[in-house]
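Have a look at the structure below before the remarks.
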Amino acid sequence: MEVLQLLFFGMFALVIVISALGAIFCRNIVHSIVSLVITFLSISGIFILLNADFLAITQIIIYAVGITILLIFSVMFTTTKDDNKLWLAFAPRTLLAFVVAGSLFILLIFNITNKFTDFNKNPESFIIKAPKESTIELLKEQGTTPIIGKQLLTKYVLPFEVLSILLLGVIIGAAVIAKKENNNSQER
Amino acid sequence: MDFLLDIKTAMLPEAILSLTILMCTVLCFMLKQQIQKVIYIISLLGLVISLFSISLLAANKVFTAFYNSFSSDFFSVLMRFLILAGTLLVIVMTKDYSFTFKNRQGEFYLLILIAALGALLLAGSNDLIMIFIALETLSLCSYALSGFLKKDKSSNEAALKYLIFGGAASALMLYGFSFLYGITGLTNLTEIFSYLANNSGGTMLNLTLFTVISGFLFKVAAFPFHSWAPDVYEGAPVPVAAFLSTVSKIAGFAALVKLMGLAFNNIEIISITLGLIALLSITAGNFMALNQMNIKRLMAYSSISQTGFVLIGFALLSYMGISGAVFYLISYLIANLGAWLAIIIFNDQTSKNLISDLNGIAYNNPYFATCFGLCLLSLAGIPVTIGFMAKFYLFHAIVQMGPAYLWLLIFALLNTILSLFYYLKVIKAMFVCGQESINSKLVFNGGVLNTSFIALAVLVVILGILVTPFINIARYSALSVKLPIKQIEIFK
Amino acid sequence: MEFFINNVWIIPALPLWSFLSILFGRALNVYENKYISLALTAGSTFIGFIFSIFILFYCINNAGTNHQYDILWLDTRDLKFSIGWLVDNLAAMMLVVVTSISLLIQVYSHGYMEQDKGYHRFFAYLVLFNFSMLALVLSTNLFQAYIFWELVGVSSYLLIGFWFNRPSAAQAAKKAFIINRIGDFGLLVGILALLFYSLNWWANSQNTLLEFATLGQAGSLALVNAGPVLFGFLTLGLLLGPIAKSAQIPLHTWLADAMEGPTPISALIHAATMVAAGVYLIARLYPVFELSPQTMTIMAWVGGATAFVAATIAITQTDIKKCLAYSTCSQLGYMILAMGIGAYSAGLFHLMTHAYFKAMLFLCSGAVIHSLADQQNMKYMGGLRKKMPIVAYTYLIGTLAISGLLFSGFWSKEAILSSLYTQGENLLLVIALITAFMTAYYMFRSYFMTFEGEYRGHARFHKPSKVMTMPLIILAVPSAITGFIFSGNLNLIGIKSFDSFVFYGHALHEAHTDLFLPICSLIIALLGFLLAGIIYWDKLKSLYCNCFDAIQRYTIPLYRLSVNKWYFDDFYNLLIKYLILPISEFISIFDKYIIDGFVNLCGISTLYKGKAISLLQNGNVQTYLVTALLSFIAVIILIFLIFII
Amino acid sequence: MEFLSLNILIFAPLIVAGIILSPLFPNDKIIVRRFAKGFSGILFIYSILFLLFFDPYNTDYQFKENIKFFSDTNWIEPLGISLGFGLDGISIMLVVLATFLVMLALIVSKKSITTKHKLYYSLILALTTAILGMVTARDLFLFFLFWELELIPMYFLILIWGTGKKEYSAMKFVLYTFFGSLFMLGSILLLNYFHVLNTGISTFSIEALTYSRHYEIPFLFESLIFLGFFIAFAVKLPIVPLHTWLPNAHVDAPTPVSMLLAGILLKMGGYGLIRFNIQMFPEMIKVFAPMLIISGVINIIYAALVALAQKDLKLLIAYSSVSHMGFVLLGLGALNSIGITGAMFQMIAHGLISAGLFLIVGVIYFRTKTRVFSHLGGLGQVMPKAFYFTILLAFASLGLPLLIGFAAEVMIFYGAFTSNSLDGFVLSNQLMTALAAISIVITAAYLLWVLQKVFMGNMFEKWQKVQDITPHETIALTFLSIPIVLFGLYPEGVTSLFLPFVDSLVSYFTL
Amino acid sequence: MELGLVHYLILAAILFCIGILGVIISRNIIKILISIEIMLNAVNINFAAFANFGDLDEAKGQVFAIFIMAVAAAEIALGLAILIACYNNRHSVDIEDYTSLKG
């Protein structure tokens, strides 16, 4: 079981990293989006490994479908012929970006592993708690969905409600901004 | 759980504001576009009512609501009061400006109200998720608001930059949240405090705190996450810029205060880091403001440096410091809104933004110049304005921390010279004469805009003299903040 | 008699009152009449003169008069400065000299200045000078002396620069004041040092601070406190004041320039009274100077050198006033020399006689100049004896007196020379004798060039008015007789000699019967007279041969030296031009470009730093992000480095 | 005595400024000017009344007053800041000097101010409030507040009515002074900190921090506090490396403003040195006395030499100001009664003299539109009155006996010479004083040079029609001359006012 | 070798850094938005991992991740709306063209 998990994890992780890199380094924007979809899908695989089945499903629905469609639409709206020339910026910041990404990574690993000393599978910095028996039972039967649903409607009811207002705002904002104006009068 | 009781004791203004939002939404789609001015009135009314409802909140102790995901203490009540007052003034500002939004006025007010709601919730949220959602409510509406002049190239550009920068920053913050969650296994702040008070978070906690703080540094436009501010302030509609530089900042600070309590095991590190960031903010803002020609950009840089001053109060991690920061925020709110009002009055009538456009305006419209000058002097910290008192009180708080913080004092003091230079540059432009190049004519009509402008300028001076109540309020509110101090110092 | 002594304050007070009257009268346009100014001026001086005469007689009759009255001027617990009046023999003598000469010169000035626009101003200045000079003479203490010492300097400044629209006058006035200020500097430091080292003495005694009467005791304490070397410097500082005021080397150059002032001023201030104040102050400070033998020696040598150098310069001057000015210098040198070798009475005696005849000489020259429409060059004079005999004869009297041939100058100079002789200062004696020879030579030269021979000028001649000649005649009397009267030769009829009246310590009355020195000096003076006559008197001209030309040729370098005033002025000008002004320019540039430049650099560099930092704000949001993250990571690493590792 | 209220004295000018500025006030320049002038005259007389009722033998504050809000015991209760005013030996003379010079500045404003009268007169009056508040404040915070408040009117006065590089100069003045004041702010806060640390009470009261400071502040911090105050006052005074704002500000400011700047504002530096550096830190001042003396001597000689090289009349006078303020330092560094008395007297003397000299410069500049020596000359012929007044002022400035400058210089020289404040230091008081005394030659040189170049000598044809001073200026100069002569003849008239105060001051560090 | 928390964390860190890299070096604005999404996904992995290893009883991390997803979707929608508005004005999706506000 463990080996299988490790295998899956390795596979997914490899795919995630490669496709994420592909999403960034592809010259063609559509290729990028396709690459991104692969990333999203692999991430949902990771979620499944992490006992987050609901999350995995949501990931596929929102990311791999919803967002991707949005992206493709916007690509269709905006892309002109010479957009393929847009690839990577070749400016000082490109170099710095690698420095930033690299140093941030090292910093993160440095801290996660407690100054490179704690390469245990579960570093001491983080809380590790075995789930209750009842939870394991629940998980086996229904996955995490009941837990999440309960949480959303009790503990996190306020954010959940506020999220609706947020979405209202975003809808109005996005609509107003993306809407085509009929009159061509100049503003300001 | 009695949600109604929760709302009554802790979230009355939010509830009223939500109702207003709903009403406005309905009206927005029902009303004809010509009479969308009604929404302006309604949103003002809603804000005023929720402003008054704050006084109904019991502020003498901490009230929590909705499973402790929201808590209302005196500090957050005060911050929410400031947020609402600021939003009110921002909406007042749009009175003559909103014609630029054509038929989208209703949506504009709606977005502002939603953003304000996000800010209010941010000021009171007591849960990581709540913080995140409130913050995103505020941010996303702000992005939309910045790009509200969609035919305007700079407005688009501002919104785009704001979004990209904000997205990255909030991702960084969330990353921090995830580690915080990983360290404690908790999302509720109160629980996290008590967990951290008993357990050390290891090395990871430091990095976590830094990344968490970075999201708020972005919100308050502090170094190093400040560079969006000038571009956005310049490109965004002026009321939005005013909103960003006041309301959104106050909300950011209000949330940042909540996170101060996380620094139990690393008081020194957080204190020094925040101090360093504060100084760098002040310095960066001041240095870049020196050569500005555009008054909106100038105000942006100035607000960066003002942020730094508030952060100094945080960096002290003492009640004195927090009360100094609170008092400073009050003074900043008044003076900065006054300055933005001046800019919008000027912009409404002349559509100009350069400092040189102000040349000689004092002799055309002395009231304008005087009031604007007073606001700028307050920002610079010249007596007898509230800004001077606030700076003095803040510096006093630094010194009360003892000699260990003298470096902070020295650099902050030196920076005030730089800030005086560019504020005086604006004042100089207004009062300079001899070249007879009065570029702009300004009419001063007794509208609500001008009235509130003058009222703010008068307030700047009056509060500069009658400061005691405000200092007391600031101290009282600071006492309600949870700080990682083992021993509670007593205000002398 | 007591009345005069007790009310001696009236003597300076009246001129002050007159000054204020003229000042405010003019300012408020109360009066326009010139005679009012004259009356106020001359009247106040006349009353002062009457007072002085009575006081003099009182002093003569009451030996050892020492009437002192002090008013506390500045009372600041630690420091109590007083102003008052002191009447003793010396003061009485000076009072008479000053008031009498002043009176005559004021009358004379009326004639000289009648046509001038600034008539009232002139008299106001004049009377201001009178006030200061008289108050200086009556000073009870060194501090008061310093106050009025400066005030006479200012009066002198105002009067030299009276015709201020002449650039040379303005320059000369400034020069005079600044050089005097150098002296004041020394004097001030000297006073402070003296006070400092004798502070205990004054604190324990009830005496007025720095009063002359007890200065000697305080001085001896200061000598103990300071040690001989410091005390020597202290006294040198004190000496610097008189050196400047009395135009001694090296601070003598202002006196010749001061001749830019109206001639009555030259007569009064720069010949008779003010320049003599230096000698007067030395006399007052004698108890202190006496404590430092080195200073006394220096004083003597300064005097001797001045006497000699000034005389050599006077030989070649063609400007009649300059010639007289250098002669004044030279004679003042005599006085200082006398003071330096301890011939206290002789010096003051010479001061008195010199005041009269030199004032008269200047007035004569003034009359000549006035008559010749401001012509001062002797080359364009000549033969004036016939046109203005009174002036010529009075001038001759003065010439004889100053040369030591006859009249008062003989007696006073003789006193100095004999003191030199008895003191055994042979080198100084030789110098003094050579100077005497030169004095006779240049004085007669000026006399001959001006009054004898043919008229060489072009200016139209005006006859001097009676107002101008009368003072000459009156002055001729004391010029002629004072020396003899006070020489001690009239002891028999009750007139005591000068040195039994004004003396230091105890009256040393040495009737020297040795006739060698008087005869010697007479011969030397005669030689001078002859030489001048040979060269400049037409009647004798036939006697000399061409060989004189040859002599002249060999003496050209010396001639140049003399004409150029020993290059003192040039040296000072070079000093100012190439040392002081460059230093000040340098500091000014340093101030402007280094200090202020640093300040501006701070400002400008800050602005440029702002610009440089603004480059990061290049509009590209990704750059913002990368800088933000980079600095964020940098801060984190920095903090980690500080705290964790 | 009830009618003597410091509050009225201090705030009346501000209220009148408000009245003048208000739109209801007629916008007629003559009415504005006369009103302001009349008010300043009344203010001067009112301040004279304070002088008459002042008891010099009481070394405490007199005419104490406290303004309170909201039934608090203090102004800002939480910090222990009081809005209290009072007069003592040093303040009283500066108050009278300030009102006097303001009156004169307003009298001569007719010619030099031709635009924006309402603003001008109200700014001058606001400046008056700031100055009076500064001098009479009994609270460190209040002092600092007025210290900064004074910058703004001054900035506008230079900016709007100035000439030349006025924007640069105004900015430099403000930033420089602000720079200095920041150090003072730091010191004030540190002082408060140590008071809180030792007594538990937060206060900024000068009396409390001066007389009831029975605890020890660590030497390092005490010296830091001392230096903080010193730098602020060094900028204002100004002390030499920090003086370069002064020439610019003076040259570009209009005449009445220059008068006020030189006449009063520079004195605030001296006032601060006495009030804070000496009165509050009797121990530290002994340590830092060499610094005072050396910087005093440098000021005196350096600025005098710089003045000697100036080609511009106003610059020369400005540098002479710097030089003369060096005497104040020298006197203070002497640390004895007479030296400090002399320094205070010198402040008053210089206030009067420099105001007069700047007025003269303004008079000349207004008529000839130039201040460069090489373009001037012989003006004494066409403007004799100005010439006489200049002679008087120049001689007063170079320390002519029986004029006001002399008494001050003598006291300072005497005080410095007989002082032992440099004992144990490589230099001796006597040597330094002797060095400083050289300045009497240099000062004479440059001042007489002014007289020579401006008023004497040949006159250019173009100045033939230059008018003599107007009655207004004559009145102002006469008013200035009266105290210059009067207190020159009778210095005790002034010194007796603060002598007891100085004695009590000195008693703190001689014990 | 056993699969543990640290592996997920490292994976998330790599992904996060890739996201940062993409935000900074891409020129196409859409790609920048994509990169932001990648960063948010990295955060989600973190949350899910922590929820799995430490907090499976309440699975707060997963709730958090859902909120993040919702907000991310909203954000990208708004972002694309803004992008379209930008595109209407300038006809470019090159970030280098959006540098008119600077200084």
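So that you can tell them apart, the chains are marked A, B, C, D and E in the order they are listed, and the count of residues begins at 1 in each.
Convention: a contact is a pair of C-beta atoms (placed from the backbone, for glycine too) under 8 Å apart; a residue touches a chain by one contact, two chains touch by 3 or more.
Because the structure is predicted, anything quoted here is derived from the model rather than measured.
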Mutual neighbours - chains that touch chain A and chain E alike: B, C
Per Cα centroids, the chain farthest from chain E: C
By mean Cα position, the chain sitting nearest the middle: D
Which of A-C and C-D has more C-beta contact pairs: C-D
Chain B and chain C, separation of their C-alpha mean positions in angstrom: 78
Chain D and chain E, separation of their C-alpha mean positions in angstrom: 64
Distance from the mean Cα position of chain B to that of chain A, given in whole angstrom: 31
Whole-Å gap separating chain B and chain D, where each centre is the average of the chain's CA atoms: 43
Residue numbers of chain A (touch at least two other chains): 89, 93, 96-97, 100, 104, 107-108, 112, 115, 123, 126-127, 129, 155-156, 159, 163, 166, 170, 173-175, 177
Multi-partner residues of chain D (at least 2 other chains): 175
Residue numbers of chain C (touch at least two other chains): 614, 617, 619-622, 625-627, 629-630, 636, 644
Which chain pairs touch, all of them: A-B, A-C, A-E, B-C, B-D, B-E, C-D, C-E
Chain B residues touching chain C - in the complex, by the definition given at the top: 160-161, 164-165, 168, 203, 206-207, 210, 214, 223-228, 230-231, 266, 268-269, 272-273, 276-277, 280, 284, 286-291, 418
Contacting residues of chain D [partner chain C, same complex]: 172, 175-176, 240-241, 243-245, 302, 305-306, 308-310, 336-338, 341, 378, 380-381, 387, 391, 395, 400-402, 406-407, 410-411, 413-415, 417-418, 430, 433-434, 437-438, 440-441, 444-445, 448-449, 451-452, 455-459, 491-492, 495, 499, 503
Chain B-touching residues of chain E, taken from the complex the two chains share: 5, 9, 12, 16, 19-20, 23, 29, 32-33, 36, 39-40, 42-43, 46-47, 49-51, 54-55, 60-61, 63-64, 67-68, 71, 74-75, 78-79, 81-83, 85-86, 88-90, 98, 100-103
Chain A residues within the chain B interface of the complex: 107-108, 110-112, 114-115, 123-127, 129, 154-159, 162-163, 165-166, 168-170, 172-177, 181, 183, 185-188
Contact set on chain B toward chain E in their complex: 128-129, 132-133, 136, 140, 143-144, 147, 150-154, 156-161, 163-164, 167-168, 171-172, 174-175, 177-179, 181-182, 185-187, 230-231, 234-235, 292, 294, 297
